[in-house]
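Read the structure below first, then the notes.
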Amino acid sequence: METLTLLSWAFDVTLGLTLMWLAWRALASEDLFKGIVLFIAFGLLMALAWVRLDAPDIALAEAAIGAGLTGALLLGALAKLEAGAESRSRRSEILPRPADKTKVFSGLLVFLLLALVVMLVYAIVKLPPLASGLSAQVAENITASGVSNPVTATLLNFRAYDTLLEMAVLLLAVLGIRSLAVVQEPRGREPGAVLDMLSHLLVPLLILVSGYLLWVGSYAAGGAFQAGAVLAATGVLLLLTGWLPGAWFVGWPLRFLLIFGLAVFVAVTLVLQLFGASFLEFPPSLAGSLILLIEVAAALSIGVTLTALFLGGRPQPEPPSSGRAEKRNTSGTQPS
Amino acid sequence: MLAQSFSWQVTVIILPLVAALLCFMLPKWGRWLGLVMAFAITGSVIVLAYQVMNQGALRYAVGGWGAPLGIDLYVDGLSLLMLMVVALVGLVVSVYSMAYFKAGKAVHFWPLWMLLWTAMNALFLSADIFNLYVTLELLGLAAVALVALAGGVDALGAAMRYLLVSLLGSLCYLLGVALLYHSFGTVDIALLAERVESTPAVWAAMALMTVGLLFKTALFPLHFWLPPAHASAPAPVSALLSALVVKASFYILLRLWLEVFSQDSTAAAQLLGVLGAAAVLWGGVQALRQTRLKMLIAYSTVSQIGYLFLVFPLASLMAWQAGLYLLLSHALAKAAMFLAAGNILCFGGHDRIADLDRVAQRLPLSLTAFALAGVSSMGLPFSGGFIGKWMLLDAALQSGQWWWVAVIIVGGLLAAAYIFNVIGHSFTRAEISHEAKPVPAIMEWSALVLALAAVLMGLFASWPLAVMDIGAPFGGGGS
Amino acid sequence: MYAINWDVWLPLCILASSLLPGLLIFFLPEERVVMRTLLNLGGASLKLVLVGILIWGVFNGHHYEFRFSLLPGLDLVLRADALSLLFVALSAVLWLITTVYAIGYLEGSPHRSRFFGFFSLCVTATVGVALAGNLMTFLLFFEMLTLVTYPLIVHRGTQEARRAGRIYLAYTVAGGTSLLVGTVWLYGLAGSLEFTSQGFVADLVTGHRVELVIIFVLLIAGVGVKAALLPLHGWLPQAMVAAAPVSALLHAVAVVKAGAFGIVRVVYDVYGIDFAVSLGVALPLAILAAVTILYGSVRALFQDDLKRRLAFSTVSQVSYIVLGTAIVGPVAAVGGLVHLVHQGVMKITLFFCAGNLAETLGVHKISEMDGVGRRMPWTMAAFTIGAFGMIGAPPMAGFISKWYLGLGALEAGQGWVVPVLVGSSLLNAAYFLPVLYRAWFKVPAASWPAERSFGRVETSLALLLPPLITAFLSLLLGLLASAPFSPLQWVRFIITLEYVP
Amino acid sequence: MSFTDILTVLLLLAGASFFLAGTVGLLRFPDVYTRLHALTKADNLGLGLMLAGLALQAESWTVVARLLLIWVLILLASSSVAHLVVRTAQQKGIRPWKR
Amino acid sequence: MSSDLFYALTGASLFTLGLYALIKHAHILRKILAINVMGSGVFLLLVALAAGGQQAFDPVPHAMVITGIVVAISATALALALMLRLREASGLAVLPDTSPEELSEQLPEAPSDVASKNNGKNA
């Protein structure tokens, strides 16, 4: 066992140093594209670190959201950035490390940051070791929460209010993005036979996985966010293969899906309040199913929301004159 | 049972959230829905106020768990006054926005604004530092999206900078939350206040959280993002940001310093005071140098925020009350100023101070609103600003720290200089008159109502001061 | 439920009688002349009546006090004591007259609603200053006065007016700040700001003598700006660009008088004259006042612009009040206080006349006044009465003041004051008599700079009557000085309260 | 150490070596097509071997089924993405590398 | 030193590293990356410290981090959209008052109109 601890310690140190190195390279690399790729790698290794820290729930979320979707967002943004700058050379677009305003400023900055590190390290090292946290209370109340995965119990019961607000944040991001831009006339790409077949296989499978993650969340790692992220991955994949939301979809159905999770969340708690529960209180007997209901709605909304984030603007419904049926045809299934 | 589980605190948070969802879902009805909901929210804040005034401070355990496992909502005099000023300014700004935003922008404005309102109400009611982080993010993102609504290079650039600063501030704050949680095993403010002791981690948390919140509050020298953002946003948004949003992070700071970091932090408090003094002076001088009205008002905000930090080194009951009073009256006055500036901008198509004469004479109501709000900013009677300044001076003299008196005085003189610089122009006789777009009367009256509210705060100070004592947020009723 | 208690509400009604018409006037369209005039005169007359009731009530033993809590422990107090009645009565009477004059003067000019709105607010603030029952209330209305006179000064909207407005603000806002600091500090030491006869400071504060001296300086500097005490007088001549009724108001009724009144309040009702003497601040104040008297007179001598000459004359004359206050002794105090009334009536006459000359003939400079007495005999007659009053010629009101001042100074053993008074009177004569000589005895020029014809009378009646009335009043005040209810008797009554042994 | 354990170790080592080979290919090969070629082929195989090794240690058949599912999923995903990348590269006009 | 503590220190370093990059780099995309790295650092610290105890793991920080990750992607998405919009409007993906010398050093072939616009703003 001694060698095993040593080995795992060595692994942890390697992982930590690699994380730092990756972060450094991602931020300092001359080429933005390289930086983003390194950042995605950083995210994946972060997921590994979460596993090492006994946090599989976070690992899943990090891999799917932190590395996967954030990476997709970053790459998509970079592509649009470069598409807008065809006249300019790529080198100019990169804008690597700016020149220092003055040496003094730079020195001062480094000094301050060193002070920050010293302060943090000192604070962390001096932290009292007890730090029992809330594990005892969580364990005590877990049966009343309706789920057996303590993380899910915290997210959707003990601190459900945080989650409610967090979904509002997610909605807010979409609202902000929609207010900023209209997605330009999308170039409907032919998926092609191979991609078409693959996506036909993959999409149902991913939806299945998403459902599984959702279901398993009540007792093991997983839950609405992870499931939503997988759904979003499906959506992103579909967008990449040339699928576009149909004109009929981008109006109220899309808006409805975007707010669906939040609306169900609020509706459930309001109905319960009518029956005498306090705000976000789930009666223990019903808690499991209610949480699942909320999670299903939330996962759906999160999936759609994250996909919408990737789309990066509000899709404009086609003017009705330009052949609606045709559009619907290209949007969902293959024209071939 | 029903009476016990139902709480107006929750209503105050849920109503704007529902409003946001409805406005988003039914864009055609968004404006009217927004307005109706604004009235409803204000109404429920009034009911909550009534309840708090009768029953004292209220604590509500969300989900029935209670701290430390669950999240508590807490309302005392301090949070109640914040809620009320948000409701008042929010309602008036909503009315103003009915006329201000044309169909295209309105679709986006209303849901964003309702989410902003949700964030503020949730923030002022939260008793949980991690929950506060979430509300901070909600607030920050909503504010940024609203700034960007103006379009144009200036607004977008300012929004971008604002977003980055806001995120940086939140992360600093979150790091502090992490340290506090691991030191004391809770994120509830009241429990933290009980358990807190002086350790390196607490010091680090105090530094990080304070700096993070100072970024968001835009205290000198971390104010650099504020003037462009507040000046380039649409007028109602400028009003909301300057009047309310910067105050939200200040509120958290105040809470933390009052409850968690209250012990032996005199040196840090003096530092905050010095920065506040620098802000008062720097903001004032910069405001004097501006050529555009909205920039002037934005720098005036930088200066006025400085006053709020002068209370930290004084740290007496009177000083805290003075700070809060200044905060409230500044909220009303600054909102009135930005709305008035919006009217001028809308009317003449520009806000260059030097050419103001041709516009201002034809918008007497807006000009009056600006002038009255200016009186409050200068701290002249009759205005809330005067009462606040009086109390602050009193507190400074009583604590024997006379150097703050000098700062307050010079700040007031600077404010008088930059405000009369504007008012003076508006009395000039103009030869050429502008091609003008008419301004809806409701927009003029909205600005005036807020300015009058700021003036009334100078006459009816006893009531807010009595409300401040509910739950004794500033520690102890005496001294 | 309760009958309205007039002892409480009367002071507030006096305020409201100008405040409400003022606010209403703001919203009147420019062309509603009749309505505006009605509001103006109605408010002014009502105020006069209410002040009459107030005086009657005080004589019949009523105690008028309105109290409203501003802050815990600090009230907004409006109280009618003997001193405030003097000032209230003065401003109520002069406001009515000035309103009539202003209506005539501004006929047909733009932005009249704005003008009269602020005009009314200005008087409201003055009455507030007069009725203030504690230093806090005094400060509130004093600052309000600063704010509402600014628009009057810049009313014409020229670059020059704006410059004058800026200078005015620079002085008065700085002064107001000084007053604010002094007040807050004093509040911190004493815990109360209520005016009491013979002062509250001595009773409530023990020790802290250095602080009290500094506070005294801050307070006097604050009110002294408006009273145009020597180093702080710079704004007053600049403010001459404003219209004649405004100048009249500034010099005779509102701003300058509020400053002088403030000095009286600070010395008598805040510190108490005995305590002020024991602090050693009374004598320096008296010396400062004496210097201002001489300085103002000398500067007046060299002004060719009539209104500027009058302005420097004001600088000099107002300091008589300060001088009388600062000399320890009841007789001198009577002289100083009664000058508050006398100077007001006389100076307003002079400004009305100057305005008439400018408005009717376009005459602004003394060098243009040759023979103007023949063209406008009534106006110049009023002017002459005012000028002789200022010089202090025996039957006039001004004589009474100076007589008491001199007597009081001798009584108090401050003989140095007498030469100052004599010198100042000589200087007064030196700058007024040449004007009178030119006006009456020189041959008029071929044409006036900008003459307007008003038919049979020399100028419009609304312009002519007010100076005649005030001139008559200033004669009366001198002749009937010892009649009961004359200001002199009233002031004697006040002083007996302040100097109870 | 039982036989299955030894087999597991062998399979894991083999899988890891394929991963290593794929990674070396990714880093060293000259253009996008060849790099993808190395990556997808070697990594899919490596993953398969690793999963097989792990399946030998599984406690129940459901775990084996899940491991298999993972493999299928990755196969599908990586082939889809590889196809997408290559197609994009082609559309951008990147020529395959020739010596 | 336990490995959990080591992860906590890694988190602190990542936070600082990200902060440095946030201040130093002009390109907005890089600033967004820096913010994300800072966030990861904070999350790591939050969880690593919780794992330090000998008792059963504390799920509350885990829940907090999941919340944090979702917030982070929301912010990132908004920031990216804003960046693209800014770039569309101004032609540059840097903050508006980046000093002209800084710009010219990074961007030798920047179109003159953009450079002059920026100069005007700074003046």
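We call the chains A, B, C, D and E, going by the order they appear; numbering starts again at 1 in every chain.
Methods note: contacts are C-beta pairs under 8 Å (C-beta built on N, C-alpha and C of every residue); 3 or more make two chains touch, one makes a residue touch a chain.
Because the structure is a prediction, the values reported are computed rather than measured.
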Could you tell me which chains make contact with subunit A and subunit B both? E
Trace the shortest sequence of touching chains from subunit D to subunit E and report its length in steps. 2
Of all the chains, which has the CA centre nearest the overall CA centre? B
Please name the chain that ends up farthest from subunit C once chain centres are defined by their CA atoms averaged. D
Any idea whether A-D or A-E has more C-beta pairs in contact? A-E
Chain-centre distance (mean CA atoms) for subunit A and subunit E, in whole Å, is 16
Rounded to a whole Å, what is the gap between the Cα centroids of subunit C and subunit D? 97
Counting only Cα atoms for the centres, state how far subunit B is from subunit C in Å. 43
From the mean C-alpha coordinate of subunit B to that of subunit E, what's the distance rounded to whole Å? 26
Could you pull out the residues of subunit E that touch at least 2 other chains? 15, 19, 32, 45, 49-50, 52, 60-61, 64, 67, 71, 74-75, 78, 82-83, 85
Quick check: what residues of subunit D touch more than one other chain, meaning two or more? none
Could you list which residues of subunit B touch at least two other chains? 130, 134, 137, 141, 144-145, 148, 175, 181-182
Please list each pair of chains that are touching. A-B, A-D, A-E, B-C, B-E
Would you pull the subunit B residues touching subunit A in the complex into a rising list? 1-2, 4-7, 10, 14, 17-18, 20-21, 24-25, 60-65, 68-71, 108, 111-112, 115, 118-119, 122, 130-131, 134-135, 137-138, 141-142, 144-145, 148-149, 175, 179, 181-183, 185-186, 199-201, 203-205, 207
For subunit B, which residues count as touching subunit C in their complex? 357, 364, 368, 375, 378, 380-382, 386-387, 389-391, 393-394, 397-398, 405, 409, 412-413, 416, 420, 423-424, 427-429, 459, 461-462, 465
Contact set on subunit B toward subunit E in their complex: 130, 134, 137, 141, 144-145, 148, 151-154, 156-161, 163-164, 167-168, 171, 174-175, 177-178, 181-182, 228
Counting only contacts in the complex, subunit A reaches subunit E at residues 8-9, 12-13, 16, 19-20, 23-24, 26-28, 32, 35-36, 39, 42-43, 46, 49-50, 52-55, 57-58, 61-62, 65-66, 69-70, 73-74, 76-78, 80-81, 84, 88-89, 92-99, 101, 109-110, 113, 116-117, 120-121, 124-125, 127, 129-136, 138-139, 150-151, 153-155, 158-159, 162-163, 166, 169-170, 172-173, 176-177, 180-181, 223, 225, 302, 306, 309-310, 312-313
Subunit D-touching residues of subunit A, taken from the complex the two chains share: 192, 194-195, 198-199, 201-202, 205-206, 209, 237, 240-241
